[in-house]
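There are two complexes below, and they share subunit A, which is joined by subunit B in the first and by subunit C in the second.
Moving on, here comes the complex of A and B:
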């Protein structure tokens, strides 16, 4: 037995701290939450207002621009068609809006942080263990306080998705920048470039394929959070999976599961194609 | 001759029965484990732990707790993979109705009587709370019908759809979720309120607790007995009285044009019938083990306030309510249970 005298617990101070935050700053957090929510609702409004064939065409066009062949656009079109025919169109669009919002914020946060991690050794020593924590901490542990601060629904879902999904983007951005050939950087220095010019003109462009691989991983990991998101009241495909599981309606759960897979394949192939075309250029 | 023979046979049978009775060991003494459904909600978890202590300590049963959600556990009870389901609301799911009718599952007693459920708002929304400095926001709010009033609606506004109010329904996939959805339509409130599914019990509790701490109004479905009921001062909105006719319309017809209050819930210990036939001693104890609703709410509030495990709440109950449970068990078992508490 472990000696009782050495045991300690941090649960009560943490509970008190969360209660204090809610009582004193609850409204501030709700205001932040409403700000994120308004952005998300706009994305969702656009996606749901577009006619279904319009959305499919846009996706096919983006796919074509990324790979410059006809195979991928046809696959993308067929898969989205299948999602619609399974009766999942509206749910898929809601989930997609959530994914897009989470990915957007992930990029805004993840790429600069990745650059920082690559450039500053102290940041690397602090942030890398934090990324490990973000990926392994069971999500409900931070989701419940997040719900209490930000309210139920889409906003805590976006936050949870970012926390779980952003680490690969940070890691791979940092890797991409550190992998840039030192001789190229030296050459740029020899021409008298400032460190800002080196970063934006040399290092970041050369790191783009690696960063895109990170983005691809971020999107894939975000999609694995769809069901968890539905457990805190975010509508979308996850909710139907949850309903299927909870009522032993295996077929319904599987249908919605297929919807998530379709979204994953479409987004994965498009971002992968983008990365590869960058590499070819 | 034949008479003699008959009486002889009868005597033999009687003897046999008598010896059988004398040697009849209790279910657990035969070395069989007692398999309980370890359901996850507060009162279910509390009752599971209570039964674990009573049968484990008092009767030397080997307890196996099997965890899973309500539906999976119900199926396990029907197939006999578990023996006792500690808290089942009668008539709420098709699966259990069918199993009861077919006689694979039966009720063995009531953990508590007259369970209430309904639509709630925090008490301060209507009556205010001078101690916490809260003015009443809707002093006239009393019943579900008033929810359609635009002024009341605005209080519960849904940030994701600000033109509507937000009604916090049951977590996705629970049977109460379907009923609340039907009621929302039956009261004609579905055009004024979003039917918000919180996704999980934890999320629903977190939102209610957070609203309470922030002194904000919130409209939600909830049920007794729960820690939440014992912890916060909540007000149940009045609904038209329950009638079978209205309830049938609510659960079967479409579109739904009327609605009414939930029936007072009958909550039972469900047991697998095969198990029940083999374990009359256990069934007898279950049939006596009824706890007053307030006492359960109190135990659950203790659990929430002290952040105690369900097992600790069961110990707390056994220590403080000896006058209740000692009537359920034999003196010998009561002694053993008391020994286990120290």
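Moving on, here comes the complex of A and C:
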């Protein structure tokens, strides 16, 4: 038996802390929540206002711009058609909106953080273990406080998706910047570049393929949070998976699962294509 | 007149470099310093004056500290102790922005593995020095274009470095340094990565350009033939110390010690006098 006298608990202080946050900063959290929600609703509004063929054409055009061949656009078009024909169009668009919002915030947070991790050793020592925690901590552990702070629905779903999804983007941004050929950085320095000119003119552009690989990973990991997000009230494909499970309607669950896979393939191939088109060696 | 002067420059790599510096100055050998402090002595009391408007060659084998030495002139590497003077002004006293201005207007550099920006075209690479200092794009590119033509790469302006051969890449490196219009050009083993024929061609081109431009060029090499061919003055570096400085003829006729003598003996042929005389 482990001696009782050595045991301690961190649960009470943490409960107190969360209660304190809700009491003292409720307004702040509501403001953040409203901000994320309005962004999300706007994306959703656009996706729903577009006719279905318009959305498919936009995706095909983006795919074409990323890879410059006709295979991928055709695949993307066919897959999205299939999603529509399976009766999943609206759900797919809802999930897509959630993904886009989470990815957008992930980029806004992840890329600058990655730069900081690459540049500042102290930040590296602090943040790398934190990223490990973010990826391994069971998502329900932070979902519950997120619900307490932001309420049920889409916002905590977006936040949970970001927490789970952003670590690869941070890691790969940092890796991409540290991998830039030192002689090239030295050359920029030797001609009198400032650190800002080096970051934006040399390091970030050369890190783009690696950063895009990170973005791809972020999107893939985010998609794996879709079902969990639905448990806290985010609508979309995950919700139908849940309904299928709850009513033992295997077919319905599988249909929605196919929808998630379609979204994953489409987003994965497009971002991968983008990453490869940026590589220049 | 000496354009650049290094006075009592020491460079020691390692955490306990201050302690190691005292030991080196007290005459402790490098091996003992390494054993006691874990610090590597890269430059040991280097005194060098580099004449204006000529090609000064610093020659040494790998590990002699020559690449470290050349990076002290534009402070890509900071000395552990010592003074670095440019036209009598101590560049160690420059503020960060002063240092950037010094690099923009007075010193440019050519690198062994070219150091070209792979995401920029030949033209953008060549005009980089001017872009950095805020010259208008059209003007900067006109200057870049002029120097691309001068190094013989006309027609390659919109290619990317990955599309060029090694010799062409280094021509871009040279054009970039020349376009920056600085009085000093530091060349760190600039031709070492090139094959012998291209290398001889580049040496000729450098001598040719130098005839009209009269830049202060500090050229680093490990190759005595190259040093004799292009250098007006040669300094030989061994284990971070300058063992001999002199005209190419001096080095050949009166080697200062066995080390230099061994170098000279191993030369297969007598250099073309055209390259040596100045």
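Everything that follows uses one rule, which is that the second predicted complex is superposed on the first by the 276 of 281 C-alpha atoms of A that agree within 3 Å, B and C clash if a C-alpha of one lies under 4 Å from a C-alpha of the other, contacts with A are read in each partner's own complex, and residues count from 1 in each chain.
Just so we're on the same page, contacts are C-beta pairs under 8 Å (C-beta built on N, C-alpha and C of every residue); 3 or more make two chains touch, one makes a residue touch a chain.
Because the structure is predicted, anything quoted here is derived from the model rather than measured.
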Combined model on subunit A: subunit C and subunit B, fit or clash: fit
First, second, both or neither for A:22, with subunit B first and subunit C second: first
Partner chain(s) touched by A:149 [first = subunit B, second = subunit C, both, neither]: first
Touched partner set for A:191, first subunit B, second subunit C, both or neither: second
First (subunit B), second (subunit C), both or neither touched by A:6: neither
Subunit B versus subunit C as contact partner of A:202, first or second or both or neither: second
Partner chain in contact with A:37 - subunit B first, subunit C second, else both or neither: first
Vertex subunit A angle, Cα centres of subunit C and subunit B, expressed to the nearest 10 degrees: 150
Subunit B versus subunit C as contact partner of A:122, first or second or both or neither: neither
Partner contacting more residues of subunit A (subunit B vs subunit C): B
Gap in Å between nearest CA atoms once subunit C and subunit B share a frame through chain A: 44
Subunit B and subunit C contact sites that coincide on subunit A, given as residue numbers: none
Residues of subunit A touching subunit C in the complex: 181, 183-184, 186-194, 197, 202, 205-206, 280-281
Residue ranges of subunit C touching subunit A (in the complex, touch as defined): 74, 76, 100-105, 107-109, 111-119, 128-129, 132-133, 160, 162, 176, 180, 186
Complex contacts: residues of subunit A adjacent to subunit B: 11-12, 15, 19, 22-23, 26-27, 30, 33-34, 37, 41, 140, 143-144, 147-149, 151-154, 230-235, 239, 242-243, 245-248
Parts of subunit B lying in touch with subunit A, wherever the complex brings them together: 69, 71-72, 75, 159-160, 168, 171-174, 196-200, 202-203, 206-207, 209-210, 213-214, 216, 307
